[in-house]
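Presented below is the structure to which this report refers.
Each chain gets a letter, A, B and C, in the order it is written, and its residues are counted from 1.
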Amino acid sequence: MAAPLPDVQLATPTPPPLPSLINARQLRAQRMGRALRLWVPAGILIILLAICFLLPLVTTLPSATRGNIIYNNEPPFSQGHLLGTDVQGVDIFSQLVYGGQVAFEISLAVTAIGIAIGGTLGVVAGYASGWVDALVSRILDILIAFPALVLALVIAQGLGPSEFHLILALSVFGIPAVGRIARGATLVIRGLPYITAAELAGTRRWRIIARHIVPNIVPGIVTFSLLGIGVVIILEGALDFLGYGIQAPQPSWGNMIANGQQILSAQPEYVLIPSIALLITVAALNMLGDALRERWGVQ
Amino acid sequence: MSPSLDTTAPTDNTGGAPEDGKKPLLAARDLVQEFTVREAGGVKGGVVQAVSGVSFDIMPGESLGIVGETGSGKSTLARAVLQAPRPMAGSVHFRGQDLTKLHGRGLLSARQHMQFVWQDPFGSLNPKWKVRSIVEEPLIAYHAGDRVRRRKRVEELLDLVGLDPARYAKRHPRELSGGQAQRVAIARAVALEPSLLICDEAVSSLDVLIQAQVLNLFERLRGELGLSYLFIAHDLALVKQVSDRVAVMYLGKFCEVGPGEAVYKTPLHPYTKALLDSIPSTEPGAARATATLRGEPPSPINPPSGCRFRTRCPRAADKCAQEVPQPRELAPGHLVACHFPLTEEPAADSAAAVPAQTEVPKAPSTAQVKG
Amino acid sequence: MGSPVNSVPPNGALLEVEDLQVTFAAGGREIRAVAGVNYAVEPGRTLAIIGESGSGKTVGCRAIMGLLPAGTLISGSARLRGTELIGLSDSQLRKYRGSDMAMVFQDPARSLNPTMRVGKQITEAIMTHRKVTKAEAHEQAVELLRLVRIPAAERRFFEYPHQLSGGMRQRVVIAIALACRPKLLFADEATTALDVTTQAQIMELLLELQQELGMALVFISHDLGLAASYADEVVVMYAGKIVEQAPAKRLFGAGGTVKMRYTRALLDAIPHLERPAHTELPVVSGRPPDPAALPPGCSFAPRCPSAADDCRAKEPALTEHAPGHRWACWHPCENGGAA
């Protein structure tokens, strides 16, 4: 039985670090940089979400599924079509907006499931240790061993492609991903004296988890999940691109890229536009995750 | 069923005589705690027996101090008493119940009267909680009154430890100094009016002047609340200051247990003497601290046979390698585990003490040292 | 009346520090970590700088060694055998570091590279300052390991730091510091992280080395006991200034005369073996002042039990009131103060 290693006790702790020597101007610049790194990506994401979810409520957009073949291949900024139309006359901007809806819906759903199920499993495993931990860890390991894309393909084949099945398949990836992070963060906190102090104070286990452990692992889980959302968006886009995700004529960024792929040399913008949308979204998510990690001091 | 607490029994290393037939508040017997250390980069792995058969009593109202250096196992011993984690062997009778045999709610309610103060004041406080919530937590867990009563009690407790509730109740640990944070930890620890407070290097990370303030707080609580203490530290002077009896620990075993003054004035174990000699003193005219201890501490994975201290002991002899010394009471309440304690003559073959590792070489002559 | 310490001590002093000031800018505020410090170290002698955290004791010595990050404002003078160290660039200081002055820090585990064998770390130090072949450096390194009393030096040469105990690691750190026989060694809380028995061994080692190598030793600590046992001269710092300075024998010897209230408080607050158990320790309330917002007048006045109005109004200067004994107090203790 391996118990935790005994601590090496220092007679007195290390002295406090020497104060920083940056002068006031540099300090202001640092602060501004930190704020920008946080609010610029956050702003971008807010704008993206607003465009995808609020804009259709406010104005009527052209259909994203049917188009008038007469008006195909319109260039951007033409009358009535902000970004033009594609080969079949479907408005590109609308496709972007509704495709974005799908992307966010799926990724947020997968992440929510991941946090709910994976997070719970991870915290329980990390806190309980012993055979519970061993069992849950094996389950998570098995889940994470499934290659997400292949699994999604299989499910799509078997059950038919749909948004719901996509979410299911990608959750198999999301749950263990969050689960491991949650377990790791819980293990770190578990070893801290204030958890033992809470146990000594008589606090029940569930309350310890809820009020001591969870608040202290939330920063880690949030920053990880932001990156995770980006990953899921890309995975979902890949699946759509391969034809195993959202099926045409329902729009999605992956579908747009697939459609535009055929005439890439002639009209590269059909591939470029959704690709840039993907890029901006995932980059903003990553930057926001990094900035939050910096602010909250998560390792 | 409590074991016999007759301290005149030769194998009973308790060092405390029950007065008037009073039962001990805490009776620990033959505690053993082990860790497995993994092999890492050239250092062999193995099983470390951090606590190897330790027994002691604490009477109600008494303070027992345990002093030991790195690797002595004193912190492990404290946690074993607490059952966090449980010792591998041995029993801990607290207020009549054997904690090693209790689980879940039984353990929780039995342990209510035993609390702990850690070395790191900030590590023992949840950084996201306010001081008020931290001190209130044990009251909530044990359903001590309604919200109003609890809040009032929290204020009383903060007052008791010298923190003005109006100024400190709403603060977070990061807004406190080390001394203040430790006071909050103490307030939480005494919230349920425990009988025993275990302090594991509780003042070691504080500055000297703050340390004195907190030590005085411990004394005051001792008087006002009738607390017993198990006080653990590496500083013998500190331990002696706050304890009635002192136990000296080396590599998982007690070398010597006795009243503080006796251990200081007439140390019986060579290790105790070496500790005393090493302490630099500020008293006028005190002899300068000397290092009478040779060599390096042996590996805890492979402790020396027989007496574990023999590899560094100037009085070690053959017998020390062959037999584990059992504790003997050489003076009232003063026990020592040594074949050749300081009150007796050293063994005939001890002048050439048996070293486990190589000799410490003499300093090379300066002629050899290239300038 | 004594003479204020503006006059430079007579030549022959190895290190002369005069009006050393160190200021940081942190969080938009100016922090005077060291506010004018004067002392001198004679060759072969031991000076103890004692203070609590925030007193500026570490910062001052790191300023002399040039180990503070760029951007710190350092003013004043620190002359090593006549050469001014303050104001030198890092590359210039590097010539002196290691060969003329060296420093040993608190945590040996941090001072040693965990992925490099200890012998190699010593030979590196040697070869930085001297032109010797690898074989010669190896030989000298083994000699150094013997010098710091590490048994089986030839075998230990090839070990990694984690294979050694804390005391041995600190000896290795000392060996590295002594690689080029510096004339001055700073020991910054070098024994604080060690057991008391190991501490005694290391302090004895340092003193023996001091004798053998004719080295001056400046050790920085919060432990007055160490100063009493091992130092020739003691300097007590509080809030960035020296508040008392005297030969150790004058402060701690029989008939010891501690004049500063702060030193008295420190002495009284330490647990003493000789005191009976459960006595109440004489305490001073409050905490050390915030270095960015020092009170006017004497920095210790808010906590001093004998503070009077003149203490709060005007800061006392460090003056030599008795031969060799300087203090900065308007109302010093009488005859060593209360026991």
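In this text, a residue touches a chain if its C-beta (ideal position, glycine included) is under 8 Å from a C-beta of that chain, and two chains touch if they have at least 3 such contacts.
A quick note: this is a predicted structure, and the numbers were derived from the prediction, not measured.
This structure's chain pair with the greatest number of C-beta contacts is B-C. At the centre of the protein atoms shown, by the Cα-centroid criterion, sits B. Each chain's centre was taken as the mean of its CA atoms, and the one lying most distant from chain C is A. Taking the mean of the C-alpha atoms as each chain's centre, chain A and chain B sit 49 Å apart. Chain A and chain C have centres, each the mean of its CA atoms, that are 52 Å apart.
As a whole-number value, the distance joining the C-alpha centres of chain B and chain C reads 31 Å. For chain B, the set of residues touching two or more other chains reads 70, 234.
Within chain C, contacts with two or more other chains are made by residues 53, 195, 222. Those residues of chain A in touch with two or more other chains are numbered 11-12.
Interface of chain A with chain B (complex): residues 1-9, 11-13, 192-194, 196-204, 207, 212, 215-216.
Every residue of chain B that touches chain C in the complex is listed here, in rising order: 40-43, 69-70, 177, 179, 207-213, 215-216, 219, 222, 234-238, 240-244, 260-261, 264, 274-286, 288-291, 293, 295-297, 357-361, 363-364, 366, 368-371. Chain contact summary for the complex, chain C toward chain B: residues 52-53, 140, 143, 146-147, 149, 151-152, 159-160, 162-163, 165-168, 181, 195-201, 203-204, 208, 212-213, 222-226, 228-230, 252-256, 265-285, 287-288. Listed in rising order, the residues of chain B touching chain A in the complex are 34-38, 48, 50, 70, 73, 75-76, 82, 84-85, 108, 111-112, 114-116, 118-120, 123-128, 137-138, 140-142, 185, 188, 191-192, 201, 204-205, 234.
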